[in-house]
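Per-chain residue numbering starts at 1, and chain names A, B, C and D are given in the order in which the chains are listed.
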């Protein structure tokens, strides 16, 4: 059963230096507050996993928390590039960043395999691209019935998955809706999980298109209103698009970024 | 885009002698009316696919529509045996019935592979059981990353999938809720699909736990109120449990069954 | 209160389910026992049905594993592929509760066929969810009436695997067979009578077993059903 | 009405989407064009976004492929694994609409890296959904501004596959590259200029292409944007 604690306590207990950590949320419900708490607590050597690294990983990478990134699309959606990510890959600043690069379909299926207790997943993917030459977690596999060659990718089973949801009840059952991405798979694939929520309520009344994660598959729940800002929480608040645009300027410059880090996060 | 026609027309157009046909619905929303229409139209030589054959396939098998059954659990749920299924397997009455037998997990994954455009699915299943000795659509597969041996099963891609749903709109978008089983997978895996619905409405307002199949992946929609009777349609009617119990007596006896067929179906 | 042997069996089965654990519930007797547990000592028992209902809380016995009351009361309702792939297969469920048409001393279960597969004497329903429940739950409890027709020296078909060889599985396999006569537990991999229900003789259990049943030297007696248990069970059964 | 070259490009791209078909919409320019098509001649165009929104009907341009307005207006909202596995991968989507950082004469796209992969000059965002969109949609349309920085003789990295060898794919691959100057279509597998937008010279297109651009002898001219198209586009862009 999930226990309900503060965000600081949850991050201190669940996220350790060197862990493989997945913060998921596909454009929507990105767990920014939890990411900032990881920066504040000064975690190092993390392997960060995420389909769309987005600003949240730009910030974690720029803060020097990560030694490796497993991902499929690293941009500032609708705006442009992630400059801290670029700087780490191109100039090893502030520390070198190893990358393990996939496509969205591959990453999604890696989480599916992880959630399913399988060591790998099969897809039609990567064929003809240069990705398999660079990424050794992409291998061919032969169908035992048709002889056709497909692609296999290994399961992702992060040490910790962190997601943000609209709400939880007092037992720690979690409910999220709108675009739900790969959050269910990330939580079910991970060894431990932390869910930050907009609010804790007495009763989770059913909603269309909702995913409910029962308390017994969640390790910790922390109430963090606005915990997905500057991304959005469907039916709570909209995306702060100005923040995304402003980030382009902040992230572009190392000193500007460090000032932001000191003033806003630490 | 789905076209909306009568049930008789839809079955005449979509279901041909010798086809592989999947009528799905896991305890709930079983497309009985469509099954009876197949009997009335005298289809022969069908390969029937279904996780839980249930009374509907007992009736189709007894009526001589099937030459083969692909399944994972053939009983009268909560009551006992399927006597027409037994009679066909044990005594080839009214015609011999070939069987291809899986577990639920295997069948579910075969539909998933079919819906996903993959030739096979991987699962942890069947190990140590006698099923692989009897069923040649169960094969070992080795993980290219860990070397572990798992089980592969081939995709199911029926010629026709038939399901029952609560409602459709006038464009042929289909909505079902409650226990939704493998219906989405069956429709997406099949070459053609028929959905019978309780009612056709102007607008499909969103509902918790609903599956919506857009019109462009459905071939035909037919309005058939009570089309899942004697099974149930969540929020429309409950299971007719007396019918299930009474079936034990009807199905047990060939003559009794044939009388039922003449009087009730034909 | 007087009670039937079936009621004793169901009560004994319900008692093994600990509060706060999760249970994958097979059709028939197991469902009755799991629901009784939730109605008595284990209100936070998580009932999981293969129809996709997670955390179902029915206030009457479901008519089938896909009864609408399971969907209405579930914490989470998922597709059938998902229940097998995301919930059962990874070994996250504590107890699998299974019935059996036939079983042997190792806890192997046959629900497929009596006689030859290609030319069967009796064709049974088949596997359903059982092979993967037996493989993947952390442990398995079998609830079945004890008789020579059911407890066999040798099975015609293995539908789900018992204690024979667990090396391929994450789960521990069957840990208990609860019958209308008593309880069998594996001793060196062989199911041995370790407990008798009140009023049952060892000889009855031996008589009702198709293999040479071993009897534990520390044979325990099941406490009889309490009034509360019987009341709850009869209320459930409606 | 006067219009910009970007508006011409977007209008030209919107026009190729037939009403009643389905379109997997990539981020950026493709999303604008697809939404314009739905707002003009193709009201029943089915827009599919990789965030899991099927049949989205936004009345303004989404800020990203996961904008809440896509979820609110979708016919069906599914998980990210499902959108790739059940919807994209089987080849049931008619058109994939992609952008590109770089492309070559075969319609191969690079959105991964400029320079050496291990020691990049510029690290680009990466693959996202593109490799499987390019592989699995029945056909692909690329919408991109034409310049020597983008239209290259040789790519540093192939992120998604063009017309080179389609034997491994169910889809036909890129069938059209729509730019701010004109339209390129494959002739014997090589993208050839087949259409110019009004007021654009062939020499401009050749100048803006990093390979020796072939020009069709039957070069067509794109009809200029209509007032209705421009009005709809500007309304969408807000």
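Keep in mind that, in the parts below, a contact is a pair of C-beta atoms (placed from the backbone, for glycine too) under 8 Å apart; a residue touches a chain by one contact, two chains touch by 3 or more.
Everything quoted here is computed from the prediction, not taken from an experiment.
Enquirer: Kindly list the shared contact partners of chain B and chain D, in label order.
Expert: Per touch definition, common to chain B and chain D: A.
Enquirer: Tally the contacting C-beta pairs at the B-C interface and at the A-C interface, and name the larger one.
Expert: Higher contact count goes to B-C.
Enquirer: Just how far, in Å, is the C-alpha centre of chain D from the one of chain C?
Expert: So the centroids are 57 Å from each other.
Enquirer: How big is the gap, in whole Å, between where the Cα atoms of chain A centre and where those of chain C centre?
Expert: 40
Enquirer: State, to the nearest whole Å, the distance from the C-alpha centre of chain B to the C-alpha centre of chain C.
Expert: 28
Enquirer: Would you please write down the residue numbers of chain C that are in contact with two or more other chains?
Expert: 85, 89, 136
Enquirer: Any chance you could list the residues of chain B touching two or more other chains?
Expert: 112, 117-118, 123-124, 184-185, 209, 211
Enquirer: Going by the touch rule stated at the top, which chains touch which?
Expert: Pairs satisfying the touch definition: A-B, A-C, A-D, B-C, B-D.
Enquirer: Would you tell me which residues of chain D are touching chain B in their complex?
Expert: For chain D paired with chain B, touching residues are 20, 22, 46, 54-55, 75-76, 85-86, 89-92, 136, 170.
Enquirer: Which residues, counting only chain B, touch chain C once they are in their complex?
Expert: 26-28, 51-52, 71-75, 77-78, 81-82, 85-86, 89-90, 101-105, 108-109, 111-112, 123-131, 134, 178-182, 184-185, 209, 211, 232, 234, 238-239, 241
Enquirer: Touching residues of chain A toward chain C in the complex: what are they?
Expert: Touching chain C: residues 1, 112, 115-118, 173, 184-185, 188, 211-214, 216-217 of chain A.
Enquirer: Okay, in this complex, where on chain A does chain B touch?
Expert: 117-124, 137, 139-141, 143-146, 148, 150, 152, 154, 206-210
Enquirer: How about chain C: which of its residues touch chain B in the complex?
Expert: 27-28, 50-53, 63-68, 70-71, 77, 79-81, 84-85, 88-89, 112, 117, 120-132, 135-136, 157-161, 164-165, 168-169
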